[in-house]
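First subunit A sits with subunit B, and in the next complex the same chain sits with subunit C.
Entry: the complex of A and B
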């Protein structure tokens, strides 16, 4: 901090610090804090209280009936007292119903149903699969772009990669929907070739398979995998590749021993980004499966917020996802032996 | 390890329309320390990459040990290349670097680490195996690169200006070291450089290249004393170049008319009588005094003290002539008007041709 003041002077230094603090506060601490706070409390379910109140009023009505038919003053007074007591109870419960007390605890996290937990685990596994597939697809591509001979080839490859990203993500997903749909492009071609019978609903149901989501996701997030890899691969001294070849190494060994170790930070960043994006992706599974291919966890979170109207539960789900993703980042960094410093580069 | 001879048979290399190497024949003997010397862009690196197999010649054949190398990749040739920037693998330890070629050949780990240790001791780096290349000094990295190349037991070691990144002191030390290593392992070294000092100091023979053509192939002493072309004469060492017209030749002796007066010299090649010629005189062959075959009165312009020697910058008829003399008491107070003298054997007379520096 002292060096900051020395470098920029007191006024500018303080301004920079303030901007950094605001950044951290507004973009990290406040939203995340709000989410975690929300996930740590719940209000007792309204349904039960309402039932209790209903029961009390039923009881009161019965007691009133009993009281009106009773001639013994002492007994009548007893009923009246009971009614008054129930009325007090009901009033108290009614107050609770309109403004239920918050209860703090971890119950939101432990209350996840077995089905939801299954979806959670499956989403993580799917996201890992998407990441692995994207890595397999993108590594050769990144290698070709980064080590392309001649600047023109590199430009062509880069433009070919970036152009699809000028189109809105939703449109790109819908495009894949059209390609894979029952009467989509692929089935259409197959039908035209006479390989499937569209008239009798003999199409291939691509969209009911998780791989349709995988495909759209890889397509959607390819750039986030490719660019970090290209960046690190571009810094590789080509002489090292030639040296390895000159020393008799096969292409496979050159990749394994020279190129991939060099590209590790880029691979780690690409995997982290792709995993985070696919584990949290809502639009791609929602559009591609249309409810037919099984939910992803992000869809559950959405429903908790906007359909069950249970923001606490939704927050708890979201925080769980965040924790797992963070753990994934740390594992990846450990696995690839890269530190934050390498990634920042 | 045993050296093999390398033969370039009518080799020519083109990149598109650009001719990088004009058709040339060159034979490098087995076990020879052979340098290819030339300014950057003269095609010397292209030749090296052709021998190592990264480039196929457009026409002609490359033969190593009598065997045609056509269609063989760099990993199939009995050559090893040391890159200008060394291209050590930064993420591997020194021992892994040295053992990489053996690893690629499927040698077991214990075996190759043992071999790496032997090679490291050959280049005086015993015990450095566990370090990373980045922990070593420039000269040590240099030696790791040599050990790594030697590990695959090449018959021909190709070196692409590997000393250019080192500072002067280290460079001079490494010259001697390279030469000693070459003598010890006895294989053929082909050394690419633009530094004539390196080429002269280390080589058995030197080829001088310019614009894709071989200018001269000769032993260092011959190259310096008897340069075959004006380019070689001016590229290797310093020269005073005096332009003139050839008046007479008899028996190798040439008489030239120059603006500085007539000069008696020795013809190189076959300049025609009456044609424009270049007279070349090395600064260290010139003396002060009038008792020589050729005499040129000059004005002393500047005196540069080098330590053991003194360079005198003289002017005659608008042309600068440089003289290198041994330092001594007589060099302290020189008169402004001097007479430079040199023998007729010291002046080489060439037909007009391209010079090394424009």
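Entry: the complex of A and C
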């Protein structure tokens, strides 16, 4: 802290600190805290209270009827007292109905229905599968780019990788939607070949299969896997590979013993980014399935917020997702022995 | 392609693989672009009804998409305005901090990059509602800035690692004020990075969907508008938007390659 003021002076140093503090508080920590807080309370459902109020008014109407048919003054007063008491109860409940009290607890987490919990687990498994597939698909590519010889080749390959990335994520998903849709490109070609009958809805429903989401997701997040690996592989001394080869190691063995160990931090970072992005992706499953394939957890979160209008439950779902992602990051960091500074390169 | 001692067979397989990989990357974009010129009201390349530019005209008359574009640009500019100063401040502080306190601060400032986008959107939405600000363009700016500022900070940090601090110290010894040193030495040194960071921030903001969709409320950006239309079906107008993006990206990438190769030649 002292060296900051020494370098930039009191005024400027304080300004920098203020800006950073504002960023941390207003954009990162307090919003996160607000979300967690929101997930920890709920207001009792209005339906029950409304029912109680209705019942009280029914009782009052019956009592009213009894009272008006009653000639005995004492009994009549008794009825009237009962009516007044019920009215007071109803008024209190009505106040609760418009502004139910907050109750704190973990119920938002434990109340997750069986189906939603199943989708939660399935999303995690799907995200792990996407990550593993992306790793397998991207490793040869990263190897080729990192060890490409001519500088021109490296430029071309880098551009070839960056150009698709620079195009909107949504539009990349859209391109796949077009290809895999009922009347999409693949079904169109199959129709040409006479293998499916488009006129009678005899198309193959690719989009109803989870692998359609996988395909688009790997396509969308491929670069987050490739780049970290390229970064680490570029620092590999090629003499190591040649030495291993001269000593008679097979290609497979060289990859297993020389290249992959060197690429470890890159693999870890690529897996962390891909898992985080795919587990939390709303765009890809929402657009690819359009409600016709299996839901991903992010879609449930969205619905809790904007269709059920239950922000507390939605926050609890979001917190659950965050916990899983954080756990995955910590496990990967431990397994691969990488620090936070390696991740953010 | 690869190391000199690779066998020809292995090299061939690798080259075929790279070819397939590039096909995987580019074919969908090519298909999407081609369908934008098809005179058929469902985006398709297999049902070719003749070349047309009618969807470009349709896009030009599409008020909501145009407004979405304007909103997207406005949000992106807002994100630049918030995240560049924040990222700069964070980076300058971090380079002057000791190892231990630095690591804690670093973890906090980098954490948004590792947080799923929907969570950033949700937490901003909830946070700003406490102040009576409903979801909208402003909340979208705040939600996006939380992680884009981290990207900006990482860029500044990388640049600051190559900084020669003796320059600043010499200027201070010669009696320059802190403000003057900052303005005349530190800022000019960081200016190219600030430009890069602004471009990155703009692109990140412009294409962001997962965070924005939660924070945007009743308003819309180009991307959220496209997404909500896709629920009801595909339209070649969306393909036209895609073509424009592809064209702009290609132009930008080519310019970049040409510029950097010229720089190298010099």
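A few comments on the model shown:
One rule holds in what follows: the second predicted complex is superposed on the first by the 320 of 345 C-alpha atoms of A that agree within 3 Å, B and C clash if a C-alpha of one lies under 4 Å from a C-alpha of the other, contacts with A are read in each partner's own complex, and residues count from 1 in each chain.
Assume a residue touches a chain if its C-beta (ideal position, glycine included) is under 8 Å from a C-beta of that chain, and two chains touch if they have at least 3 such contacts.
What you are looking at is a predicted structure, and each value in this text was computed from that prediction instead of being measured.
Within the superposed three-chain arrangement, the count of touched residues of subunit A is higher for C, of the candidates subunit B and subunit C.
When both complexes are overlaid on chain A, the residue A:261 reaches subunit B alone and has no touch with subunit C. Within the superposed three-chain model, A:93 lies out of touch with both subunit B and subunit C [touch as defined at top].
Looking at the shared chain after the overlay, A:245 reaches both subunit B and subunit C.
Contacts of A:53 after superposition: neither subunit B nor subunit C is touched. In the superposed model, A:162 makes contact with subunit C only, not with subunit B. Looking at the shared chain after the overlay, A:4 reaches subunit C, while subunit B stays out of its contact range.
Contacts of A:237 after superposition on the shared chain: subunit B is touched, whereas subunit C is not.
Counting contacts by the rule stated earlier, residues 242, 245 of subunit A appear in both its interface with subunit B and its interface with subunit C.
Every residue of subunit A that touches subunit C in the complex is listed here, in rising order: 1, 3-4, 7-12, 15-17, 19-20, 22-24, 26-32, 34-35, 38, 137, 140-141, 143-144, 147-149, 153, 155, 157, 159-164, 166-172, 174-179, 181, 183-185, 188-189, 191-192, 219, 222, 238, 241-242, 245, 251, 272-273, 276-277, 279-283, 286-287, 290, 298, 301-302, 305, 311, 314-315, 318, 321-322, 325, 329, 340-341, 343-345. Residues 1-7, 10, 14, 17-18, 21-22, 24-26, 28-29, 31-32, 35, 42-47, 85-86, 89-90, 92-93, 96-97, 101, 103, 106-120, 122-127, 130, 142, 145-146, 149-150, 154, 165, 168, 177-179, 182, 203, 206-207, 209-210, 213-214, 223, 226-227, 230-231, 234, 238-239, 241-242, 245-246, 249-250, 252-253, 257, 260-261 of subunit C are the ones that touch subunit A when the two sit in their complex. Subunit A makes touch with subunit B in their complex at residues 237, 239-240, 242-250, 253, 257-258, 261-262. The part of subunit B that touches subunit A in the complex is made up of residues 52-54, 73-75, 79-81, 83-85, 87-89, 91-92, 100-101, 103-105, 148-149, 151-152.
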